[in-house]
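Report on one structure; see the data block that follows.
Residue numbering begins at 1 within each chain, and the chains themselves are lettered A, B, C and D in the order written.
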Amino acid sequence: MRVLMIGDVVGSCGRSALRNQLPRLKRSLQPDVIVANGENAAGGRGITRAILREFYDLGIDCVTLGNHSWDQREIFDFIDDETRLIRPANYPEGTPGRGVAEIPVGQEVLAVINLMGRTFMPITECPFRVVDALLKDLEETSFILVDFHAETTSEKQAMAWYLDGRVSAVIGTHTHVQTADERILPSGTAYLTDVGMVGAYNGVIGMDRDLVLKKFQTQLPVRLEAGSGPAQLNAVLIDLERSSGRARQIRRIRIDDDHPFMD
Amino acid sequence: MRVLMIGDVVGSCGRSALRNQLPRLKRSLQPDVIVANGENAAGGRGITRAILREFYDLGIDCVTLGNHSWDQREIFDFIDDETRLIRPANYPEGTPGRGVAEIPVGQEVLAVINLMGRTFMPITECPFRVVDALLKDLEETSFILVDFHAETTSEKQAMAWYLDGRVSAVIGTHTHVQTADERILPSGTAYLTDVGMVGAYNGVIGMDRDLVLKKFQTQLPVRLEAGSGPAQLNAVLIDLERSSGRARQIRRIRIDDDHPFMD
Amino acid sequence: MRVLMIGDVVGSCGRSALRNQLPRLKRSLQPDVIVANGENAAGGRGITRAILREFYDLGIDCVTLGNHSWDQREIFDFIDDETRLIRPANYPEGTPGRGVAEIPVGQEVLAVINLMGRTFMPITECPFRVVDALLKDLEETSFILVDFHAETTSEKQAMAWYLDGRVSAVIGTHTHVQTADERILPSGTAYLTDVGMVGAYNGVIGMDRDLVLKKFQTQLPVRLEAGSGPAQLNAVLIDLERSSGRARQIRRIRIDDDHPFMD
Amino acid sequence: MRVLMIGDVVGSCGRSALRNQLPRLKRSLQPDVIVANGENAAGGRGITRAILREFYDLGIDCVTLGNHSWDQREIFDFIDDETRLIRPANYPEGTPGRGVAEIPVGQEVLAVINLMGRTFMPITECPFRVVDALLKDLEETSFILVDFHAETTSEKQAMAWYLDGRVSAVIGTHTHVQTADERILPSGTAYLTDVGMVGAYNGVIGMDRDLVLKKFQTQLPVRLEAGSGPAQLNAVLIDLERSSGRARQIRRIRIDDDHPFMD
């Protein structure tokens, strides 16, 4: 099974980059299933029903979220009805929505788990304990992708080692910068600390850079907005072994003005 | 001028990797000057006088620090005498040591500035204001490398844009994971969000992974130790134009069991 | 000189408590000058021009702020014109408004300094260094009140000891709960860790308690609102020696349904 | 039932104040049961077996802890054997020790629950959910005291309202400064945001004030030590109705050089 995981899509700049690049990427890379993080899709903050449709229409099979899950209040109107839109599973019991999606891929199923770190992040339940419980329910499932939405590299690496051999891949999101540490851990789990983002190449993590700079320099409240102009697209392609679900290969994808896409 | 910047060296595992790899790297890459971050060199915490000598003996010209600057108390005995060991320049006035080093490189001088971010980091002065003041004193200097030791990608990218065209390169440290976003900004500043680290490849950011995992899972106090076993070495090579100091090229270096060094 | 310092006034509930109680308090306590913290006066978030007028009309001579200074965007339209409305002095240079007010009190002047702590608070300049600089400019002034807006008791007590003998009083704000540790430090500075607040007695720090509870329990975004119902009023009365400005007495004031005001 | 709850005892200064004052307090106040927070008893950091004995010998019936629970590593050797020494109940499952003590008081039993807040505190499980589960097991128990060890006033007040009518008292610890907001909530729960501490009156929250000041001013690592000199003792006395366990009265106790104890 070939999985394409796309980093946090930021604002309309990120969405139009998806529209422009995804068809070519699909043709060239032939993924069996596509997952994207959508927590910043609506102007940098959360996701709407209309944007979720856009994602589905582009052929994205599953959308994950993160600390920005609730930024658009309308999400509470539809998240409970969506089976392919997931928010971190370690939000406290009773939180709307779900943390796991099971996506049919040909004859197989890919389970996607969304988790959130706790260091420098909103308060949630222990992601290590929560993932243990989830994996018990997924014992029959060979293909499992974890989107671990976390700030620190240490928490992400710790989770990857914790899950090595128990899931197909642990892919980090949230920092919006792709890391260069892709590898397959000894027991067969593919790992990348952060997949990066899709959005303004000349912004600051996809947001308008003048506004971000103003905020850092003045410490005054500044309403950040998604950036515009040329876009970058960050993703990762993971090949999983037929029946075991073990990762065989992991390959980073970086497309921007300095790195045009080569078919 | 060709600058080799090496990421945070972690513990004896990182130091022995330096000893093993640096001669080959120097032969192959022919850097004119070598800078390394040494904040984790002594068992993961700070640096000692003896280890600093080791760095110099290996041909490292300048050592930068970060939030772990003071972990080894003996540093207060020697930091004021060292001109090539620097700690973040935005520590408050009166802090021992200095934040800028001027390293002779042939007929030229490379100024190295160490700064620290403020988001999720110890309390320091504003790095944007501090670097403005430092650059005023370096107006005659064309070759300037900034080691920006920071947690968040947004603060690092903001600093890079802030300094674009004013320094030769902004290279991030602290997260111990190399990022894949190397680029040359429009006004000629080379940028990489994080250069990564030198240390245990199978640890968690270079520390013993069982201890880190125990800490995350139990939330009990666990004394972390530097990891051991096979090492990784992360660095970045930057080529600067002769008189302008503008960056012409930036190239990431990743050496580990999965990526053996190719001369 | 007799100074009445009133804690953070929260929302319309707090403002109407002020209107109801202040005339009686003034008659009974005969303060020479009244200072109030107004950072939560507008529905719990910031202050407007109209509310500032309300404060002045009630006989409040000086209004201090804190981390909520900028919550109402209209403040940027008038803060530069106000000499008796101050925000923390250790905001970075270039921040609108001022951090010190000099209030005529009969033949004397009371200087009021607003400072903000840094632990678990927004990023600002070092309040210890900033207050040193301010006090240099106030060398001729005997009567100095510091409103130290900070989260932790340790930072507040440290500041009080730092300023003992250099200012008339250090009064904490921000936690909205009055502390019971009023005292006069050995060199003559009156101190109270927190003066408390004016607002809903049955809220959570003056905000609607159901909303606050919902937020703590669900960790979902909840728009907090100022509480309503019966109010409490917290203040502190400080008597300063005629020419030295030394504190002679400090007395806490707590008025609520369980502690009706006794003339 | 009359309960005396004593705030965080800090270092040898605090312990000797206990030895000096407790006999008089007991004679004068005639408590039926005494609880003290001991998280800072050993030089400001944690508690040892010997110090725990000291507490018991002084007639303290139950000792609570907090974020400093594990500062003395020897605690892991004895905490599992102690039924009257408790640490926050919302540490993750598997944490040594227990979070509830049941203390015989004449014919009755006082259940003491230790909980820890999460805002600006170590990562723990949700104290609201945890206390719900604990109270289910204590359904037969009328006398329940909660020591809520938390930083922010909002989290403490929220917990008090959450538990109003379900426990006899919610008493805050951790800030080391007594608050002046003691009250009995409408459904019969006594509440005080923070009971304060027992330790050096002229320190900073019981620690040596010069060291704390040095730390704030330099931001360098400073090993804090418990303060010495004259002590203060903060406690609270709560009277509970015979069979219901409802609070009838709550009275703060503050003893220091400025407030000598009056029998």
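Here is the rule we go by: a contact is a pair of C-beta atoms (placed from the backbone, for glycine too) under 8 Å apart; a residue touches a chain by one contact, two chains touch by 3 or more.
Labels paired with UniProt names: A, B, C, D = Metallophosphoesterase.
Model, not experiment: these values are computed from the prediction.
*Asks:* What rotation angle takes the CA atoms of chain B (Metallophosphoesterase) onto those of chain C (Metallophosphoesterase)? Round to the nearest 5 degrees.
*Replies:* Between chain B (Metallophosphoesterase) and chain C (Metallophosphoesterase), the superposition angle is 180 degrees.
*Asks:* How many Å are there between the centre of chain B (Metallophosphoesterase) and the centre of chain D (Metallophosphoesterase), using C-alpha atoms for each centre?
*Replies:* Centre separation, chain B (Metallophosphoesterase) to chain D (Metallophosphoesterase): 45 Å.
*Asks:* Between chain C (Metallophosphoesterase) and chain D (Metallophosphoesterase), what is the separation of their C-alpha centroids in Å?
*Replies:* 29
*Asks:* Do you know which chain D (Metallophosphoesterase) residues sit against two or more other chains?
*Replies:* 92, 123, 126, 129, 217
*Asks:* So what shape is it, when you link every pair of chains that touch: line, ring, star, complete or other?
*Replies:* Graph shape, chains as nodes and touching pairs as edges: complete.
*Asks:* Considering only the defined contacts, which chain C (Metallophosphoesterase) positions touch chain A (Metallophosphoesterase) in the complex?
*Replies:* 70-71, 91-92, 94-95, 122-124, 217-221
*Asks:* In the complex, go through chain A (Metallophosphoesterase) and note every residue touching chain B (Metallophosphoesterase).
*Replies:* 120, 126, 128-129, 151-155, 157-158, 161-162, 175-181, 183, 186, 193-194, 196, 202, 204-205, 207, 209, 212-213, 216-217, 252, 254, 258
*Asks:* Where on chain B (Metallophosphoesterase) does chain C (Metallophosphoesterase) make contact in their complex?
*Replies:* 92-93, 118, 123, 125-126, 129
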